[in-house]
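A, B and C are the chain letters, set down in written order, and residue numbers restart from 1 in every chain.
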Amino acid sequence: MALSWARRHILSLADFQPAEYDAVLQTAASFQEVLSRRTKKVPALQGQVVANLFFEPSTRTRSSFELAAKRLSADTLNFAPSTSSLTKGETILDTAKTYLAMGTDIMVIRHREAGVPLAIAQEMDRLESRVGVFNAGDGQHEHPSQALLDLFTICLLLDPEKPRLSLLQGKKIAIVGDVLHSRVARSNIWSLTASGAEVHLAAPPTLLPKPFAEFVTADAQNLDRQLFLHWSLNPALEAADFVMTLRLQKERMMQHLLPSLREYHQQFGITHQRLKRCRPEVKVLHPGPVNRGVEISSELMDDPQFSLISQQVTSGVAVRMALLYLMGSGKV
Amino acid sequence: MALSWARRHILSLADFQPAEYDAVLQTAASFQEVLSRRTKKVPALQGQVVANLFFEPSTRTRSSFELAAKRLSADTLNFAPSTSSLTKGETILDTAKTYLAMGTDIMVIRHREAGVPLAIAQEMDRLESRVGVFNAGDGQHEHPSQALLDLFTICLLLDPEKPRLSLLQGKKIAIVGDVLHSRVARSNIWSLTASGAEVHLAAPPTLLPKPFAEFVTADAQNLDRQLFLHWSLNPALEAADFVMTLRLQKERMMQHLLPSLREYHQQFGITHQRLKRCRPEVKVLHPGPVNRGVEISSELMDDPQFSLISQQVTSGVAVRMALLYLMGSGKV
Amino acid sequence: MALSWARRHILSLADFQPAEYDAVLQTAASFQEVLSRRTKKVPALQGQVVANLFFEPSTRTRSSFELAAKRLSADTLNFAPSTSSLTKGETILDTAKTYLAMGTDIMVIRHREAGVPLAIAQEMDRLESRVGVFNAGDGQHEHPSQALLDLFTICLLLDPEKPRLSLLQGKKIAIVGDVLHSRVARSNIWSLTASGAEVHLAAPPTLLPKPFAEFVTADAQNLDRQLFLHWSLNPALEAADFVMTLRLQKERMMQHLLPSLREYHQQFGITHQRLKRCRPEVKVLHPGPVNRGVEISSELMDDPQFSLISQQVTSGVAVRMALLYLMGSGKV
């Protein structure tokens, strides 16, 4: 297969090209097949080092990256912030340069500040290293691998044989919840609009202010015919093909952005009843971990007819294997 | 060798059959031999994933499981509760389902609440997954691998060539200490009575109340002729073949269940002097970590003529390799 | 190659012989070459277990040891003190004996108390185990692998083809900073004086008291013509070939040993300007992590013409591979 890939770092989906999305989807599909075997390893990154630098803790995402790296036969290093030399006053760039000097090939970086992965990538390039930097979630900016695994999960459902970006052309996708603070939503907006889907954002006004849409559409071209904002749920759900729910951070209530979880669920929580407005074959996604009974009802979350949540986690390993593989293979 | 094994999960020894005990002992013996080689690895679980979900921290037991899994060539994932999404409000079953969806083959679970491994195993079966769940200690309920490594340590001493359950027939075994709160004691009672040994429990009345014996014997058959309770040490030690000491949690004193560690040691601590009541070839066990000078005198702990504590740790790796292997081999 | 190596433990450089230094340098050079390949692993320690027992946390050093062990194909176990049974009252020697009984081949130990690695090594020998103990930093005593990686970094610069101890004969080396509290400085003094270099220590009087020199020279022979103490910077820098800076612990100020970081930098901080007193080809080292603008100016740290800091980190993996390999190969 001839893949289009010339990207050293994965930092944002804002400038991802359709051929790149298809390269990821096609590579992930072949790794998904590997994962169904009894022996689930391939030697693609043997002898290479993947360092997980999670300045913000996350067991779920870190485990997914670690497993993806191990299944590619890479050696992994985990950086635990609580026991780190950060407490000794070292700067983040110096930490990254230390892992570079140790011989790291790919750095997977999560940080609570937007832009940290980009800053590290720029420093790595300035030093003329060949290290690849992978943004595993930076502040409220982007979380590219989550959006790509969402995309893969949907495309695999639409055509298990040949998942590809064009399958989403003309589909209606609702993104429901705390859009304003969500790096997942930001990355999904790029991938879904790139696919030609219609993206409908639904949230209370405090979590989806007018300037947000202007901010997004200012960066993108022709988004006005693909991106729609709603301050209530129903218009977004109407005839939707997919409903993506976002995790609600409980601290938003203390910031007076939300009245109560109960009230949020009554207005924006997804239930079997509410899905009746969507197309009959509608599916629901959530990046996890779910607050049961808040973003989504407990019954719906556990209903395999509608919920893709478990498939998303499985896709996560395959998509991260694909991305690490594509980043690593550029180093030959 | 034709082993009797048809068990997907290892949750409790209450219903373990003699043929299963012998399958574990026989398999552990062959792995003990592997561990004596310079290269101590076998490819039995290559490409499989063993996830250590230790909701209650334990370096010692976690390291033993991790090493056992690595020596079977499995990939391991460690779940650290302090950096986990549990702080984000996810339920334990959802955490387990996430690791299932990532492709975990065996989950090793420790939790401070009794019944958590069982609940996870039931959910895994309901979902028709083939994941095996391994109880690595749940509350005050059971700790099967500890009891099996104790059994293996004793049987290996009695017949290094062919360790088997029947070697314990008619032996007298004292279990001394905080029986009431001990998951180790509960699992040991099942394995030792299954072997045909006489089991003598000795503890202060606060740590071995009458209803405890009724609770145990209500579940089991014919235990009245094998299980004996004592509120003083000497009758339990009299002509004993093995003395199993239990770890004393220091918080028991704050619960007013114990006067002082010093007084406990005077009444129930095991010393060279006290062992004179036992058979001359008596051996002492302890699940570790030991409070030196409390459950057992420091001199006795370090005396290789009597102490099997170091052998227990070594057996732990071989027995856990055997159990992971037996669980994993059922998945072909 | 015929290497001189008969050492089971690496605890201190005080009694290291020139042939041993050369064995380390020669072996590290061959591993440095391995690290430049795409597949950076060798099977030297396959099936062996390296346990990192870091009672004092250190991500940087622990990662370096872990990577070195993995590149020798060893299995690694990490002991995290916060989640350890130390909180359960186990002694350090009992912890070490547990890891011995599990089958550990090499223990890498860091502890805030001087002498802990020695005590563990003595216990391992008393038990007639063949375990090797590696001091990864004990209190203010020694940090042998740091001094050896400094030595390797310097020798590799002086002769990339054949790094050897004698290259340092007659060189002038300044060690600047908190000598009194530095285990790095203590180890460096042994290796550098063994090489025949002139070692000039420079620090404020509070961090380099007179008795310190007497303490060191009392232990060593003929150090009076190789070791010089200065309470100001310039005499140490004059015509120096290498300047080793030491990390300043910020708590020294609260101990009233230092006026302020700013004042320290003005008196002992290394800058481009100050290096003009040295020989033109002078290089600067630092064990990391650096307090930018304190021990060394930020500009100088990032100037590849003078700074060897990044090379030190890279050398660290090669030197630790060499040391683990030499320790492990003695076990055949």
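Operating definition for what follows: a contact is a pair of C-beta atoms (placed from the backbone, for glycine too) under 8 Å apart; a residue touches a chain by one contact, two chains touch by 3 or more.
The model shown is predicted, which means the values in this text are computed figures rather than measured ones.
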Same-site or different-site touching of chain A by its copy chain B, using the half cut: different
Superposition of chain B upon chain C: rotation angle, C-alpha, nearest 5 degrees: 120
Interchain centroid distance [CA atoms averaged], chain A/chain B, Å: 41
Contacts with two or more other chains, residues of chain C listed in rising order: 80, 82
Complex interface listing, chain A residues touching chain C: 46-49, 51, 75, 77, 79-80, 82-85, 88-91, 94-95, 97-103, 331-332
Contact footprint of chain A on chain C as seen in their complex: 35, 37-41, 57-60, 63-64, 66-67, 70-71, 80, 82, 250, 288-292, 310-314, 316-317
